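Have a look at the structure that comes next, please.
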Amino acid sequence: MNRILPLLPWLLALALLAVLPQVLTVKYYLHLSILALIWVIVAQGQNLIQGFTGYVSIVQAGFMGIGAYGSTLMGLNFQWPLWATMIMAPLITALFALATGYPSLRVKGHYFAIVTLAFNLIIVIVLVNYSELTKGEAGISNIPKPWGGNREAFYYLALVLAASLTLLAALIARSRVGEILLAIRQNEDLVAALGIAAWKYKLFAFVISAMYAGLGGALYAHFQGFINPEIFGVAQSLDAILAVILGGSGTIAGPAIGAFLVVFLPEFLRFADSFRLILYGLILVLATIFMPIGIVGIIKAAFARIARREVRHGG
Amino acid sequence: MSKHKFTRACAALALTLVAGSSLAAEKKLTVGVADALTGGGAVYGLPQANAVKMAAEEINAAGGIKVGPDIYKIDVIAYDDKANPTEATNAVRKLIDRDGVKYILGFCCSGSTSAVASFIGNEKAVMLVGNAAERSITTKKIPNLVRTRPPADYTGQAAGTFIARKGQKRIAVLGALDVGFYAQYVDSVEREIKKVGGEIIAREVFSLKDRDMTPQLTKIRGLNPDAILVVGYVEPAAFVYRQAVELGMNIPRYGFTSGSEEQFLRVTTSEQMEGVWDLRPTELTLLSASKNGIAYHANYTKKYNASPSPSSPYAYDQLYALKAAIEAAGTVDNTEAVAKALRNLAVPPQVVMQYQPVDGKMFDVNGQAYTSNGAFQWQKGKWVFVEDLPSDSKAYSQFLSTLK
Amino acid sequence: MLIEILQQTINGLAIGGVYVLIALGLTTVFGILGIAHFAHGSISMFGGYLTYFLVTAQGLPVLAAIPVALAAGILLGLLVEILAYRPVRNANHINAFIVALGLTMMVEGINLQLFGHEQVVIPTGLSRVFRLGGITVPELRLYVIVAAIVLVVAMMIFVERTKTGQAIRAVAENRDAAILMGVNVRTIPLIVFGMSTALGVAAGIMVGALFAIAPGIGEGLVVKGFAVLILGGLGSFPGAILGGTVLGITESIAAGFISSAYKDVIAFVVMILVLLIRPQGLLGRAP
């Protein structure tokens, strides 16, 4: 019983998400939910490098772009089936991540953040200007969608993938690798002093996080049916960071909750019309000041307080 | 819990709306606008949204849309898409799925427009595109999409003939060539000047955010061209004209920017602009404008306390075309019939731009409208309409039909 | 060829000067408070718009508008420090970054409400062009470069020679030791933010006079500013000066001789290559 109890909220959330398409009558919310599930995958990837390893990467959307364009262009130019290109997308992204991760991970902290940001800008500039291949800023439309564009079916595909990849992230976090990543976050020099090649683990986290993004990007492309470079700019990489921080950095539930927030909150704020940007910014500032450890952190703290009180009462 | 509350609130809102409309003597037709209201694209999107709202007020004041015995007053919901494809998709999904809107106007910018165009064919809705100039938007034979602005290369062909006639052989291009339709414009110009033995000797690029063009211009100056051709959004393009003068480049300057006097004079002096050509659709400029154009300019300026952007009537005309199509189809609910009526529409008398109908119709089989093209020259602080650029809308329409 | 290289170098100097000012503001905040002040660019933009507004709508002469805009900018900087950054001082560094991100959106949004969506150019009336041999320099560019040098020198004197400057450096070197020495560590952040914002607003005005300010321009500025910081070495004043100049000239040479489409890519690749050889940046201290 004690082992199942922590899983209970997860099963509940999963069950809720599973029946969601049946109760949502307005398809707009289904559309947003699919985007949010894609962002769960992207944010779980971001959390591996940012939350667990402590390296704030600003290239997650760029890697989404690599996955999206990779899958789309392979389908377009080699006539590969959709499923094959979607499986290839994270692998291609991994290659790019290896090539960019090696120089980036030689530096730390803010240096790392800015170098990754530069890579994101480079990816976008190349996507825009290498138009013989990418069709530039005009973008690629009519990207094939699975099941003839059936949104409900796509929702379940995204849900299954988001749930499995969340589980995978949890497994990585609890493995020996995950422990070493956490140790790197807390004190990298100490890890090195223990004779562990920290760079291997950092590169592993960086590449896996990029693969998450690559898959998320491919899903995005085959869900929307249209991509252009604008979608994979720095602003969206910042969204990935936001999702992790708002939800709860270094937790498993945090990025999932955060992903739904970064998709739904700006949409909800449409009522504010031209004040939307101001309001969104204000919410970010207030949320960060008053919930520095994210939503999951707040909930955990609240539960801990209740538990303590109960113990006190009981004793 | 909160979701429940929200649904209930929506239901209540819907009820009041239904009750309200049954009490009122006239019915309400809600049209949506998806456009860039913030960010870099707002220069184009915001005036377009304003233009649609103004057209709606005018139509309502003049008695609304008449469909059989019913009279519809127009209501406009405008959502910001930041010219971003994801945001545009979300905004249009919200308009169609949640707000129950069937007619969507606006669309200033190519990326966001292409994203919506990629799925609108499957929806029971009609999409009217404005300023977005990417050619491929109307090559996909989407039955429920029309566009008021002609594709960039339609204008480019006419411009190329004009430059060829002027006799300069070695042309240097500086422009937003990373944007598809600007590159298409240049390709058309190149085809035309090659026929008379001319060539394009440089294709230098500036991005939307660049304001310092001196590196590119210094390079071009070193090549000694006969003339320079500037294609791109007015904000960066104005700096090319100014800095070319500052660098002592005294050669003919051609352009495709569609900027207004106000927009250029913010950046340059009138002397720095003297003699510059703009080869573009005959959009809104006071000197070339028809009676409708002059009235539009005056009304817009009065209502919004700012001059309308030259491309904003593309959106204004959308609503008048839609009104005419709905009245011709005799229905507001059957979007297929309205889309079909749009394709069969004669140019409505209230539009501002000067359309060149194909076979008597405003929109051709691709859903594309064509305006006339003109050569404008900056003379003593103003754009002066110098001559029509002969352009064959029917031939171009046939060419467009062959594209995929 | 030689003339072209010289001309391109001069072309790059003006924008390089702007980068230096932006980077100096960022580097002081970073060196002393450890904050990646991402909102810096949008505050520069706001300063530029404000100057434009004072000149065109209020009819102030440019030289009178600049101090007003600087003062308003400094005030805004202080507000930002007290209301937004101070509450997250003791949290994770990334939290301050998110606050900065939110602030950027707010400043952008408010700016849009106040000044509209059109790009503006601060009118200066300075339109003469100096010519020397085959090289041309518009007078405004020259003044901008000179003004940037003056500001940089003034700041160096302030930091090196005054008591407050020494206190700032002491905090930057070692916060705890500074407290023991009796430095008031509560007022130092305010002074630092005031100074940094003043530099940022000055850069915004320069961009507005020389080129134009438009919505969204702040993000581009701050990204380049951070690139300069990384190139020159975080927290290093000479590094920011060298890095900004190098970046400006690199961009101009890259656009003129290699590819205008990929000039930013080339500039970033240069930055990354420098880091591969010197992970602490050109003039940064080795960790």
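Just so it is clear, A, B and C label the chains in written order, and each chain counts residues from 1 on its own.
The definition used in the following text is that a contact is a pair of C-beta atoms (placed from the backbone, for glycine too) under 8 Å apart; a residue touches a chain by one contact, two chains touch by 3 or more.
Note that this is a predicted model, so its numbers are computed, not measured.
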Among the remaining chains, which ones contact both subunit A and subunit B?
-> C
Pair of chains joined by more contacts [C-beta pairs], A-C or B-C = A-C
Centre distance in Å when subunit B and subunit C are each reduced to the mean of their C-alpha atoms | 36
If you average the CA atoms of subunit A and of subunit C, how many Å lie between those two points?
-> 32
Residues in subunit A with touches to at least two other chains are numbered 129, 274, 276-277
Multi-chain contact residues (two or more partners), subunit B = 38, 178, 205
Where subunit C touches two or more other chains at once, by residue number | 109, 112, 261
Spell out the residues on subunit B that touch subunit C in their complex, using ranges where they run on.
-> 38-40, 42-43, 46, 177-178, 204-206, 209, 211-212, 214-216, 218-219, 222, 235, 239, 246-248, 263, 266-267, 269, 272, 306
Write out the stretch or stretches of subunit B touching subunit A in their complex.
-> 37-38, 79-80, 83-86, 89-91, 93-94, 96-98, 110-111, 114-115, 117-119, 122, 134, 136, 140, 178-181, 183, 205
For the subunit C and subunit B complex, residues of the former touching the latter = 4, 7-8, 11-12, 14-15, 109, 112, 116-121, 127, 129, 131, 136, 138, 207, 210-212, 214-217, 220, 251-257, 259-261, 263
Spell out the residues on subunit A that touch subunit B in their complex, using ranges where they run on.
-> 26-29, 31-32, 35, 128-129, 131, 135-139, 141-143, 149, 224-228, 230-231, 267, 270, 273-274, 276-277
Complex interface listing, subunit C residues touching subunit A | 30, 36, 84, 87-88, 91-95, 97-99, 101-110, 112-113, 219, 223, 226-227, 229-230, 234, 261-262, 264-265, 268-269, 271-272, 275-276, 279, 281
